[in-house]
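Each of the next two complexes has chain A plus one more chain, namely chain B in the first and chain C in the second.
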Partner chain A sequence: MSMWPHQDTIATQHMDVIASSTTERPADARSLSISAKRTASPVRFLAAPGQIVSLIVLVLPLLVALYMSFTNWTPTRGSLLNASFVGFDNYAELLIYDTRFLEAVVRTFLIGAVCLSLEFVLGLGLAVIFLREFRGKAVLFSAFLTPMMILPVVVGYTFWMLFQSNGPINQMITLFAGQSFAPEWFRSAPFAVATVIVTEVWHWTPLFFLILLSGLNAVPQNPVRAAVILGASPREVFWRVILPMLKPVIVVAFVIRSMEIIKLFDEVFMLTRGGPGSSTETISLYIYKLAFNDFQLAYGAAAAFLVLIGTLFLINSMLLPIREQLLKERR
Partner chain B sequence: MPSRRLSPLLGLLLILALVVTLFPVFWIVMTALKPPTDWNAVPAVWIPAKPTLVNFRTLFDPEAIREYGVGGVSQSASAAVFGSLLASTVSTALSILIGLLAAIGLSRYSSGSTATPLIILSGRMFPPAAIAVPFVIIFSAAHIIDTYSGLIAIYVAATVPFSTWMLKSFVDDLPREIEEAAMVDGQSRLMAHLTVTMPLIRGGLFATTLFIFILNWSDFMFALVLSYGRIATIPVQLAKYVTATAGTLYGVQAALAVLAMIPLVLAGFAIQSHLARGMTFGAIKR
Partner chain C sequence: MSTPKLELVGLKKEFADGSVAAVDGIDLAVEEGQTLALLGPSGCGKSTTLNMIVGLEQPSSGDIRIDGRSVVAVPPGRRNVGLVFQDYAVFTSMSVRENLAFGLRVRGQRKAEIDRAVGEVAELLGLSTMLNGNARDLGGSELQRVAIGRTLVTRPAILLLDEPLSNLEAGTRLATRRELRRLQKEAGLTIIYVTHDQVEALSLADWIAVMSAGKIRQVAPASLICQQPDNIFVASFMGTPPMNLLRGALTRADGGYVFRKDAFVVGLLPGTDIGEAADLPVTIGIRPEEVRLCASGEAGLPARVLLAEPRGSETVVTLETGGQVIKAVIASDHRPTEGRDVMLEIDAASLVLFSGETNRRLPMIAELRA
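Presenting the complex of A and B:
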């Protein structure tokens, strides 16, 4: 603002004029106006640094990992370049014999499904409440977003503390239900899984709330009014008019959260380290242990690629319902 | 949906949800302020009668807690605080710079191929535990393992997709006629972007910067696998405190956790209207 006050005012005036005259330009006009084609202008290379960074720091490691996944390399066998090629052995081992891996996949999937369902229902419920008018709405809105602003490690640590055998949660249980109902949360498998789910749901329900509320606020009002005039009850309006229009937003929320929960690591690391036994071991935690505790780096890389393929497949099928819309938006 | 007032039942539910949402934060802040006798007390001490800052002092002076007759922590957290600040700020600045160039390029000149988003997204989908493995190998070969340069390189790479797409969504919102007007006035393309585009998206630039900072500051796994003693960040230090002291120094751990979350909560509230855009790669605008 202070640096270019003059241009700023001009630009704002321009914007007002333009906003009133044209709202949308035809797609093919873009390349005519400020096209950089056939000119040696530096603008052609604006994306280059980003691409180079992605190439060096994302694509290169991916290729190294891919190569590694076809070898039997471990750090004790010297250089990766001298490792012997074993074809698809690692992949076959994982998919056929490695029950711990398969269990981790199923477990991550189940934990993810439970968490996302709960987050969706709670987030939607909260968002619907926020469509009403009440005092202190702005402050409460911020308050409800707090959990998602806290870093995962700290969230994991906080709940680890809350779930200690003489921690506040058990003390509250004891207060209301008596000593015999206070469990040792991290000593039994189902309770440990419950702590992971509670932590995740607490942490990320605000994201669903945020995304769904912004979606609800953007729902066009005309179909809603029409339905009301035609005699639909509020319930019918919500389930049959508003919710279908919310579909793209819901899909986006689920896709974003799925991508993250498949990688679930930090919170579980702080809460249970995968224990007791391997009862809360997620895919990421298993791969981490393979690579950095057992030094099975090549094997871990193969596991990671299987996960990547599965994730791509999953995300793609989740995007199917809004595929048309996405293609349209890309112009 | 017509806006109506809140029924008492919904009001009650809202209050209950608020308590559940805020209780963990309340508990950790209170624990950080408790003297050692209150840490693990039964019945629980909800609000310390004599709040103290000794836990925070212990983070920087490991012996401070001894005045309460409790053994100190093995390691000061100063290095971790310094490391987190250094790695997060430098990598955020770089990520924003690279992302801004790419955002203008992608939005205005369609520079970069259509495969770029796909590559970026698969990078995000790859389990970090596994992408960390090749990093460890490559960084060892390049002798930047256990250095801040290496950590910063990873942070930049991991957040450039976010900064690019978030900034691109802000640039997309600007009518391109504004920049064209400046170009007609005789400015070069780059100058037009510098003097017109940049000031107009400064709100977005600010929000994106804080958002990227949040992402970098939150990282745990990359710092965990790439630090072997010479570098440290707060999340890794917190994990170390929990194992090294076998869960006995609750107050000191909580103090570090509070220290870790203060900047993020502040940054998060500052950009709360842009959080949805950031988390969804710009897919949701408000």
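Presenting the complex of A and C:
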């Protein structure tokens, strides 16, 4: 409650009275809305333009897209109002018959799992190294952060060149292992997936590194010292004391990256365009093709809504372990 | 005497960057079952000393012995020394039980053994009912008990507590003080408190070691240290308010000595032998508690009340007498009004003399009193 800006004292007193007269939690919520009604009227008018804009830009398109997802509209049919309402047909089609969509979902999920694991391990390792002092630390720090600042399109294009059959990577392989070990990266499914993973890990490990390093630096030192004095080995200190304290930071890093992975598009588009076949096709890439290659905009909208629902469930369940901790009032 | 539980011998810590020694050669012995407070202003080196005892920092030179055995080369986890941090440093990701069990778990003890030890300590500290609760949800004094219990489970030879009362509310302080005393007796613990707060030190420990600028200035029983400070630093540090210190000279007067500073004159106990210090400059120490205001009509030193600061049952009175300003602690019901002229009397037996040259206490007065 203390976080609420007290615009006038009468409302504040009201809040207190309400808070003390009813049970704790609901009172909090109710008193907030009451105080907003009483205090904020001039402020509300000031906020109105912003709210109108966000209504137009955010809510309306969302509602239109939602409606569209229940029709069989394509741009060739003219106005959206001409399209016939098909109920849940698009959704049923996607969930039951569209194996390409389901494969894209599973594929995105698997690529994400591999990428995030690698990014986490590498990022954590780098962060732990950066806790110590060593020569050239400042320069390396900047260098390690650079990849994530590069545009995904540029990263994708760069790696597309690197992975060409006679590109630098294959030349290195040829140099050290021989010609026969240099694959045609974009011609076989497993190798194409590998290029996506390598590119993605190179691009986004810095984000994990940055988040985990700042998390590690914020870990209070006394519990660590206490564990050392109690006889814990460095390994035990790390796994049992430091890592649990880092948990919220780790979860947040995973949440941010998971949302990015679900949207994975640019790099794949530049590298493989989803091929060979559909072996590297991610959710976003598939929806893109539905909309802009096949002009199945209504069907694509339904797919997008399914993804949104799935993402909501996924992200919220990822936040579950730290939810209580994040929402708890600070003492 | 048996070997002390803890012994610091010429312990020194110099940090690489500066020429100043944080801890400058201290010697200290703590007997088994003793409680000692390492007391000093912040920056005096007490925390560094504490860190060296537990092993978080390595001494530059000197030795630390526990039960007569040097532990300088022993890593922190094997010294059998427990430390309770000022902020408790409880593992908030664990339950109370896991916190208590941590020390034994990392030592690889069997589960049954751990459960028994945890149960015992939880009983001793009144934590039995909250064992399964999350440490994150506990309040100040409960956190402290968990922190104490977490180290007690490992049966440390010495328990160190860093500012144990400073993070507690006034109400829980008293209870915690009593609790620590009880715990110390019941478990027969050897405890070292580290604090900058003399009230905390005097209320918790039987012995006080006063530190400043990396050196131990005096080690004495808590009951004695205010009356008989070894030197001017301790005299000016201990007591609230601390001893009145006046620099002046001694002169012989019929069969005894009087201390003079300008118009301020006070007689020492008759028969006091000062020896060769007689004609040298001295500093006299007058405890505020030993300055008495005379009843009306009684003869004494004339003085004027400059300030009266009540603090409950006592009042600290600032007086001007013979051109000097001294403080007195008077029962509040006899409190004089500011600006009034009064007569005061100083208990000659309580006076302490310090050498003007070495700033150390001149011993003869104490001997005479004994």
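Keep in mind that, in the parts below, the second predicted complex is superposed on the first by the 275 of 331 C-alpha atoms of A that agree within 3 Å, B and C clash if a C-alpha of one lies under 4 Å from a C-alpha of the other, contacts with A are read in each partner's own complex, and residues count from 1 in each chain.
One rule holds for everything that comes next: a residue touches a chain if its C-beta (ideal position, glycine included) is under 8 Å from a C-beta of that chain, and two chains touch if they have at least 3 such contacts.
Keep in mind that this is a model prediction, so the values were computed, not measured.
Engineer: Figure out whether A:E236 sits in contact with chain B (first) or chain C (second), or with both, or with neither.
Structural biologist: Touch partner of A:E236: chain C, not chain B.
Engineer: Who does A:P321 touch here: chain B (first), chain C (second), both, or neither?
Structural biologist: neither
Engineer: Given the touch rule stated above, what does A:G78 touch, chain B (first), chain C (second), both, or neither?
Structural biologist: neither
Engineer: Thinking of the overlay built on chain A, is A:V249 touched by chain B (first), by chain C (second), by both, or by neither?
Structural biologist: In the superposition, A:V249 contacts chain B only.
Engineer: Thinking of the overlay built on chain A, is A:N217 touched by chain B (first), by chain C (second), by both, or by neither?
Structural biologist: It touches chain B, and chain C stays clear.
Engineer: In the superposed arrangement, does chain B or chain C reach more residues of chain A?
Structural biologist: Comparing touch counts on chain A for chain B and chain C gives B.
Engineer: Which residues of chain A are in contact with chain B in one complex and with chain C in the other?
Structural biologist: 228
Engineer: Applying the document's contact rule, which stretches of chain A touch chain B when the two form their complex?
Structural biologist: 1, 3-4, 7-8, 11, 14-15, 18-19, 22, 25, 30-31, 33-36, 41-51, 53-54, 56-62, 64-65, 68, 80, 122, 126, 129, 131-134, 140-155, 157-162, 164, 166-168, 171, 202, 206-207, 210-211, 214-218, 224, 228, 234, 237-238, 242, 249, 252-253, 256, 259, 262-263, 265-266, 269-270, 283-285, 287-288, 291-292, 297, 300-301, 303-305, 307-308, 311-312, 315
Engineer: In their complex, what parts of chain C are in touch with chain A?
Structural biologist: 54-56, 76-78, 81-83, 85, 87, 89-94, 102-103, 106-107, 136, 147, 150-151, 154
Engineer: Quick check: in the complex, which residue numbers of chain B touch chain A?
Structural biologist: Within the complex, chain B touches chain A at residues 1-6, 10-11, 13-14, 17-18, 20-22, 24-25, 27-28, 31, 40, 42-44, 46, 97-99, 101-102, 104-106, 108-112, 116, 119-120, 122-135, 137-138, 153-154, 156-157, 160-161, 164, 174-183, 188-190, 193, 195-196, 199-200, 202, 214, 217-218, 220-221, 225, 235, 238-239, 242, 247, 250, 253-254, 257, 260-261, 264-265, 267-269, 272, 275-276, 279-280, 283-284, 286.
Engineer: Any idea which chain A residues touch chain C in the complex?
Structural biologist: Within the complex, chain A touches chain C at residues 220, 222-223, 225-233, 236, 240-241, 244-245, 247, 325.
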